[in-house]
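Mind having a look at this structure? Questions to follow.
Naming follows writing order (A, B, C and D), and every chain is counted from residue 1.
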Amino acid sequence: MLIVMKPQATPDEVEAVNERIRSMGLTPHSIPGAQRVAIGITGNKGALEPDVFVSMAGVADAIRVSQPFKLVSREVKEEDSIIDVGGIPVGGPEVMVMAGPCSVESKEQILEAAQGVRASGARLLRGGAFKPRTSPYEFQGLKEEGLKLLAMARDATGLKVVTEVKDTETLPMVAEYSDVLQVGARNMQNYSLLEALGNLRKPVLLKRGLSATIKELLMAAEYILSRGNYQVMLCERGIRTYETMTRNTLDINAVPVLKALTHLPVLVDPSHGIGLRKHVAAVARAGVAAGADGLIIEVHPCPEKALSDGHQSLSLPEFEALMRQVRGIGTAIGRPVA
Amino acid sequence: MLIVMKPQATPDEVEAVNERIRSMGLTPHSIPGAQRVAIGITGNKGALEPDVFVSMAGVADAIRVSQPFKLVSREVKEEDSIIDVGGIPVGGPEVMVMAGPCSVESKEQILEAAQGVRASGARLLRGGAFKPRTSPYEFQGLKEEGLKLLAMARDATGLKVVTEVKDTETLPMVAEYSDVLQVGARNMQNYSLLEALGNLRKPVLLKRGLSATIKELLMAAEYILSRGNYQVMLCERGIRTYETMTRNTLDINAVPVLKALTHLPVLVDPSHGIGLRKHVAAVARAGVAAGADGLIIEVHPCPEKALSDGHQSLSLPEFEALMRQVRGIGTAIGRPVA
Amino acid sequence: MLIVMKPQATPDEVEAVNERIRSMGLTPHSIPGAQRVAIGITGNKGALEPDVFVSMAGVADAIRVSQPFKLVSREVKEEDSIIDVGGIPVGGPEVMVMAGPCSVESKEQILEAAQGVRASGARLLRGGAFKPRTSPYEFQGLKEEGLKLLAMARDATGLKVVTEVKDTETLPMVAEYSDVLQVGARNMQNYSLLEALGNLRKPVLLKRGLSATIKELLMAAEYILSRGNYQVMLCERGIRTYETMTRNTLDINAVPVLKALTHLPVLVDPSHGIGLRKHVAAVARAGVAAGADGLIIEVHPCPEKALSDGHQSLSLPEFEALMRQVRGIGTAIGRPVA
Amino acid sequence: MLIVMKPQATPDEVEAVNERIRSMGLTPHSIPGAQRVAIGITGNKGALEPDVFVSMAGVADAIRVSQPFKLVSREVKEEDSIIDVGGIPVGGPEVMVMAGPCSVESKEQILEAAQGVRASGARLLRGGAFKPRTSPYEFQGLKEEGLKLLAMARDATGLKVVTEVKDTETLPMVAEYSDVLQVGARNMQNYSLLEALGNLRKPVLLKRGLSATIKELLMAAEYILSRGNYQVMLCERGIRTYETMTRNTLDINAVPVLKALTHLPVLVDPSHGIGLRKHVAAVARAGVAAGADGLIIEVHPCPEKALSDGHQSLSLPEFEALMRQVRGIGTAIGRPVA
């Protein structure tokens, strides 16, 4: 159930509706918009009666929400959500680019990467400190040392930091050093982690699981929003199919479909989406052309020597060339690239 | 095995190599290039010895081809193949757009569609006269009458005609009326049909099978080229995955991967690729941004009344708007849209 | 629409219903059962009114059929269809085993295979004379010579012959020499071939396409039945998934699901289903345990020397061992193995 | 690297090898067998030299292990591992059946289920207390109260308890009440959880992820074994494919493939594998016929009223009928059902 308040509804009227919802043992979620406030209701087992609410002062409408996702839905909030990452707006008119190495490896590496991607136009720095790996015998990241290096690179460049959090135990530590908490594909349905992220008030970048449907991605985001953290960005990063020539199959369809279903920003990760360095640029261009709000790209000062994902990381000159192309496409479709 | 001739090799030297190949019971395929001629060899069961050829006059090199596809490979022919469709070059610098209804339904419908798409910049007219359908009880197309209407629309507009051929029995009839013979996804591995098309000297548009790998698509094209018909265009039209919100999953990765592996033109079909009218434009833009040589799009004067695929057909104004976007993207990446 | 006649309905009453259907421009399909006759109607675009028929003499009921497949449905014919292959019943109480080499290679090979599999209990001989291959450069079968060798092996052993037909051109020839016409996975939606098979009155073994849904398999069978050929057996042979350790993923679920939806016999092909010789037996046992009406298995006198599919062919002693296991399972579930 | 000791090697000789491995900064894993001891080595980045070890007393051989999984591999330990669940051997000659409701709902429900499945031959009781759900608004289980009810049912029936653990926070609590810790499909690559389970010395039932490859499942088990917990059972529970008529596609091929690659027991979950109550029995039979060491089946005293998964839960009489069939198949293949 979604309560849509009138544009001129007063704060007291909004609070009265919230109070009524709480009195029924349910949870209200105020969703402020440019024109008016909407209030999502969660916690109900079955359908609610609209009549209870439509007669209340300041209420414009009470709408039954048919889809299983509520708070993430555009039916609940029509305007795009713009996530404020320390002053950088993600989901607004500009396309934002996040770039950096798969793993943080050393002070020199992360600084060179950060300065390089900043020079080409990236506004956020990506880099992994905790790396979930398929094999227990592979490099698992520099952990806290890696986080410190990311924070140092932020201080040096002004770029905001995006890094993966892989469990609830290390969440406080990762949250302390980073600006955006990334949930990796393997953890998209790690509900304990999602709930913990829902209790924070910090931006989250939620990657689509390897074989998650679009609906499941939205439901995973719903876990976070339902706890009160509305700062969620979604990321298409390729799905698992039968095709073996590419690491994953980037689902370009997901971009317009998600943009239509949800008000949350939608990013594209071309690096994991195709997994082949020489083709990352083509997929990045396609992502922007399809309407993505941003890109997250693996860039390494020396891809040949990367400890992980070197085969899909761009060099700094390749990234610079890509940014020029992406800017042209952004201009063509009316979405300037920051 | 691929024989690469020296740039200054004479026609007699080329013929001498061909003759040597024939004398071994094998088939030579001359592949003319801008700089030099290459000769592919097919028919051999095992590996051939390069020594036989490298000592011949005019021969620059003899290269063992490792991949199972030969004639379609960029290793065999480095430059892009440009398919000449009655004066319209597909695979050249310009991006070509093919558009029209799923099925030919009537004289009025096909004429209105043809004139409309031409006005917006399409150079080829698509339209189905023989429709393979999942159910034996569904509309199967107007058959020969449909072909005649397509030919009439060609005469009226100058657009070239692309239409599907579904079996060898009707191939002569379809070939008579059309400019490009389209092989549908379900027939991509109908080898008898591929062989018959290989015996013609007419452009073929080969669609990727519903769950065909990129390699299988190239092998299907190889069937056609190995019979001597080199005028083949490939088309990514979406693959089958677990995602159910879209009709298929357009494999945008396939565009750069195919362009790297083969010299044949690569088209994108956004209509089947996503199957949702309101999102066709986003996928079409992505296809061009990723480097496709052309688009094939379903457009209907009145999508609501279409006998087939109305849910994924653009109206004429929607197509006009899409063409404007696509032109901007083409300009941004240095590929003008015709 | 399905007209269910009363058990005591006379032939004249049945004919009157047929006549009424024809007078509406539609096609009646009489489906004789043990207890009563049912009449399927095809050719209608929209829904029919039951009232027209329920008042006719001898009619018990007129049922709207909701699923897109009609003639293959158990709603239309409740009892199992038993296909009579020259005296061998497929789809009856006994589980039937078809075995033999992937390709017919020589007189000695096919005779040794036929005698071997017959000794172990197979009742039908499989063997390919026309081989659809992914590459145009691979062995394509002995063609008519292969068919003659199969017929010779039939004469020598009494086994009935199952062989693949790959196009309409060679259909008359294949039909002349064989007892069951096999449609391969790649041709499951080759509608021209299905229609031609529908016009014959000869058993067909229809394999599930590589990425066909269960519903699409049933619709492909519907093409054959709708032309009047009711002698169709379905075959689960593995589907395409992301798993690469096995050639295909045998969809064991399809066996009980198909048996519930259709009256047609359901076979399992464990050889293609897993593609690994040492594991074929495990999958064959699973197929029988799940309720399959038969198995079709690749067996070669010398798998190491097979011209095709040697990696998934059983030797004769391996086949003999498998038959013993399968017989035990058949007994345990009340389905004796012939 | 795997060090294979001679059958007559002394404990001191084994310890000397362990000491040598530790002195290189690596970790030895003794894997006791019936005939001889083998020692796996983990922690090495690159290949090790066999020479260091083959000259030591008591060493029979030093083998380079090519696959990325080591400790789970049959190359490392040839004989089947038998997991001892409080006296019940899983992975031995007998097929073990685990059964019970999806969720623990009440004292009456779990007791009735436990007594019912025990009467039909189950030796372990399954039941969920912590339920990961796609939607944050669905029933999430009775949590600790559910665990207490499971323990109560164990006391009342002697059945051992299998229940899911969904995060590291609740792991100590779940471990206290249960006999087997189940890792659900969504958590198969939750490495923090796997590592925590590796530090326990308690049996783990690891379910295959929704789109995990067989290799990834083995690598996930490797995470647990590499921490020293060797009591791991694997479970095939259906993978995600394009087929929509069934909830998942049970990958029957995985059973023989896993049995060949690993010494760990392999179970089949037919309830999630097909997701359709009326077809669970067919898939369960197939699992045993294919060689599974056990089954885990959802059974509810009243499936129509289940709070979760009622559509795929068997009633007690259906379970009793299934057990009779499964026993017959077990006998036929020489694997008695406990």
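Please note the rule applied: a contact is a pair of C-beta atoms (placed from the backbone, for glycine too) under 8 Å apart; a residue touches a chain by one contact, two chains touch by 3 or more.
Since the model is a prediction, treat every value here as computed from it, not as a measurement.
Asks: What is the chain whose Cα centroid lies farthest from the Cα centroid of chain D?
Replies: Most remote chain from chain D, centroid-wise, comes out as B.
Asks: Count the touching C-beta pairs: is C-D or A-C ahead?
Replies: Output for the comparison: C-D.
Asks: What is the distance, in whole Å, between the centres of chain C and chain D, each centre taken as the mean of its C-alpha atoms?
Replies: Centres of chain C and chain D (C-alpha means) sit 37 Å apart.
Asks: CA centre of chain A versus CA centre of chain C: separation in Å?
Replies: That pair's centroid distance is 49 Å.
Asks: Could you say which residues in chain C touch two or more other chains, in rising order?
Replies: As it turns out, chain C has residues touching two or more other chains at 211, 240-242, 244.
Asks: Using the touch definition up top, name the residues of chain A that touch chain C in the complex.
Replies: 211, 240-242, 244
Asks: Considering the complex alone, what residue numbers of chain A touch chain D?
Replies: 42-44, 68-69, 132-137, 166-169, 186-187, 189-193, 195, 210-211, 216, 219, 222-223, 226, 240
Asks: Help me check something: in the complex, which residues belonging to chain D touch chain C?
Replies: Touching chain C from chain D are residues 211, 213-215, 239, 241-246, 249-257, 260, 273-274, 276, 278-279, 282-283, 285-291, 325, 328-329, 331-333.
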